[in-house]
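First chain A sits with chain B, and in the next complex the same chain sits with chain C.
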Partner chain A sequence: MKVYVCVGSSCHLRGSYDIINLMKKNIAERQLEDKVELSAAFCLGKCTDGVSVKFEDEVVCGVNKENFDDIFSEYVLNRLN
Partner chain B sequence: MAEQNAKPTAKLRKFDTKVQYLKYKVLREVARHAFDDTLVESFNDIAKVIVTGRKPTMRCCIYKERAIIGERIKMATGGDRNNPNVIEVIDIACDECPVGGYIVTDNCRGCIAHRCEDVCKRGAITFDENQKAHIDKEKCVNCGKCAEVCPYSAIANYRRPCERACKIKAISMNEETKAAQIDNSKCISCGACVYQCPFGAIDDKSYILDVIKMIKESDGGKNFRLYAVVAPSISSQFSYAKLGQVITAIKRLGFSSVVEAAWGADMVAYKEAAELVEKGFLTSSCCPAFVSYVQKQFPTLRDNISHNLSPMAEIARYIKENDPTGKIVFIGPCTAKKMEVKLDTVKPYVDSALTFEELQALIDSRDIPIAELEEGVLDNASYYGRIFARCGGLSDAVAEALKEQGAEDFDLKPISCDGIEECRMALLKASKNVLPCNFIEGMACTGGCIGGPGCLTHGPKDKNQVDAYGKQAFEKSITDAISVTGLGNK
Partner chain C sequence: MNNLCTDIAYNSVIKHGEQLCGDKVELIEQRDNSYVMVLADGLGSGVKANILATLTSKIISTMMANNLSIEDCVETIALTLPVCNVRQIAYSTFTIIRVVDSEEAEIIQYDNPQVIILRDGKSIDYPKTVTEIEGKTIFKTKIKLQENDVFIAMSDGAIYAGVGKTMNFGWQRDNIVSFMEQMYDPEYTAKSLCNLLLDECNRLYGGEPGDDTTIGTIKIRKRAQINVLFGPPSNPDDAEKMNSLFFSKGGKHIVCGGTTSSLAAKYLNKPINTSIDYLDPEIPPTATIEGVDLVTEGVITMSKVLEYAKHYLESNDLYSDWSFKKDGASQISRMLFEQATDINFFVGRAINPAHQNPNLPISFNIKMQIVEELSECLKKMGKRIKVSYF
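Showing the complex of A and B:
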């Protein structure tokens, strides 16, 4: 599956690099490199709180370090299973 | 200030000269009609909108004024398609300034020292019955020594402003038409003449129609995403509004996203530092006019030009890798960028280039009230990427990148060349192996990009504004700024 993390200015200021690093770390730990393709996106047009992440065609807003694990489970792990 | 900002009137538009203002009006009207799909039928009406009334204000009669506006409209819609250069002379707008060379003015007091006569190796100076000096044009070679020694500064050099602006001597007088002509084999499209001609007779071709077409086709990002890559010198422009408001205005125009070219500068600084360590001697590759100059005048140094793309092309490549259907428009102070986007190495990444002048015209053609908009944000690059906009910034960034890469033992000896004349001196020395430096930062415009011909303002405070903008960057190091791009992984 394709995962895009927004690196547009607004998300960048709210910590998109942290989210990318968490993504990389979680993908590596679970050896999902073949299954998950991580890319950058430039502004998904939803500049609300936190970082926007697009899982395939679904945009999830407000991703932060605290809710990252839940979101990763719901949108990546559950779907891959 | 807040009250002033609340009233965006034409008076607040800041241009250095009335030539720029005139050019802006043409661009704005062309853009207005292009957005409304009425350009073809309105072509002849635009001149009448700009030249109103019956009395001429610029030329001998309103008909000549309108004819020249017609030529300006042609430039605003892409210029002469058969001329590969993006800089063109508008023949009928050229005032055919006198090209007298050195002339003794009325300030000559007929002194008895005759320093002018003594210093002239050609014996070109004689004196009349009033003891006043005269220069024999048959003998004079325009060396200027007499003017230097005259205690009254009575000897002036009459040169055309375009020729004086063109430090690389690509402009001369066409003997037949007496108008200025550009030697394309020498011209580096830096645009110095465009900014300096007091009659606005030299102009850069505009590609606003291509950009308007992309804005329409994108349809607010529905069909493909349209990206604006903006140069860091934007921080010294648009003095009547906040940078964040300009970002919002660009999005209102129809761009999906606004990205800093300075982020590409971070990537370039990182790669260029590594390339420098490997090769030992390098010239920068950010300024397309400088690169073109090296290629045309110093072919032996061609291999020493950094093989990296410019910051504009580097960030555009990164965007297209992540969004292959996206289209990218560069917005900056530069006319030479319009040449750069035509290069085979850059064409796949950047779809068009605009100047700040043109951006202002596009925004106003849609009646977007910049100073009333909410503030958007623009942040990805580090301090170092942003200071590329002023002379010396690139060298600072490469020094920082060397440090961050742990190559501190590499002895960086940079020379920052401010303007094409300084570039020429450094390149001349380098070509003879007598330059005591290993990195040439070449900027064709004086002051760096903030002195570019497509800038709305060219002021002494611009450098401070770029530095202040740099310091506002969220990411403090180059490595931090580029960590997500796959470069410089932490």
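Showing the complex of A and C:
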């Protein structure tokens, strides 16, 4: 599974740095390195309140530290199972 | 016409306890790519020395720039300078370096420590002819230039550095020569070389200089063009034209901005690989596109570059940040401040609707302002700047 975290200007200001670190941490803790390929992407064109993350071809907007766990479960863990 | 240009820098430290510097450097651009630098050291220190040095450097540089002979300059100074009441003389030593088209240099020296010339990092001896003008012994030199020639002019504060503090007799010109030969790196700009030596003098003085100390450096270097693409064009149909003009330019290419880089990637028909490495939490990661030297995010990165540029022109206290760090802003700073002599900005005026949000400090106006302010800063660094808007 390919996951792209937007690091464009707008998302950067809204916390791409934290989201990337949370992604790295969660992937490492669950030993998903073989299954999830984490990348960065420039502006995904969906600048909203929060960071945009693309899971395969689906862009999820408004990711922040608070909803990160839910989104990670829904889009990564559920789909991998 | 050759492919060389003249990079000039100077800086002083003031004698401990004084408020004015008794040394003065005047720099005049005689015409395109021809310069006259005058370093004058006024007798004594403080106000009196400052006035003597200012008059001397100003008179000589103005007269030389108008092609008057050195004899006329010295005569004028001798007749103009106010005579010191204590010493009954009007006195200011000076060093003049005139560089014409980065091809030939003329050095005229009166009583300052002899100019050091480094060729490929090694000090060379150069011929001098002696002339007496108004009772003053003046040394003249004409020399053909090569790429990477470095001229170091200094006031005598440089060779007295350390007297009675860190050394008994200060460090002599020979010590300065060995120091500069050791430290020399072909990548260093005139400004780096100048500050390197001045910092060392200041260190030897224990931070409390016993005399005004001034260093002027001139480096003959190859012209290097760098092109910066920043922002998508206001009319999307112009993207092709903008990119083709940008990529047809010689030299290095920097692409700044998310949409901008996808347009460039499309034009080049190559993929963008965005790096996941946040080297600095403040600066978004960079990306790579085959055929582009550096790809970065836009406004945030450029704001940081502008901040570095402003510091560079003043205290340069952020040098240790951008001079080695690998984030986008530091990389752009090194390329623009140190490598480039000619910079072409290709600025797109498209407004990113997603950025027009009062909560975001990245609006369109800020982008235009960054370009203007950064161009001004780079001009002050002696770069030739061209800005085209699309």
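Please note the rule applied: the second predicted complex is superposed on the first by the 81 of 81 C-alpha atoms of A that agree within 3 Å, B and C clash if a C-alpha of one lies under 4 Å from a C-alpha of the other, contacts with A are read in each partner's own complex, and residues count from 1 in each chain.
One rule holds for everything that comes next: a contact is a pair of C-beta atoms (placed from the backbone, for glycine too) under 8 Å apart; a residue touches a chain by one contact, two chains touch by 3 or more.
Predicted model only: the values in this text are computed from it and were never measured.
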Task: Touching partner for A:7 - first (chain B), second (chain C), both, neither - done: both
- [ ] Tell me which partner A:42 touches in the superposition: chain B (first), chain C (second), both or neither.
- [x] both
- [ ] Identify the partner contact of A:77: answer first if only chain B is touched, second if only chain C is, both if each is, neither if none is.
- [x] neither
Open item on the list: I'd like to know which partner A:60 touches here: chain B for first, chain C for second, both or neither.
Closed with: neither
- [ ] Mind working out whether A:17 is in touch with chain B, chain C, both or neither, as first, second, both or neither?
- [x] both
Open item on the list: Please report the chain A residues shared by its interface with chain B and its interface with chain C.
Closed with: 4-5, 7-10, 12-13, 16-17, 20-21, 39-43, 45
Task: Contact footprint of chain C on chain A as seen in their complex - done: 4-5, 7-10, 12-13, 16-17, 20-21, 38-43, 45-47
TODO: Flag every residue of chain C that touches chain A in the complex, lowest number first.
DONE: 257-259, 261-262, 272, 274-276, 278, 281, 284-285, 287, 297-300, 352, 354-355, 357, 360-362
Open item on the list: Show me the residue ranges of chain B that touch chain A in the complex, using the header's touch definition.
Closed with: 221, 225, 227, 247, 256-260, 318-319, 322-323, 326, 376-380, 474, 480, 483-485
Open item on the list: With touch defined as at the start, can you tell me which chain A residues reach chain B in the complex?
Closed with: 4-5, 7-10, 12-13, 16-17, 20-21, 39-43, 45
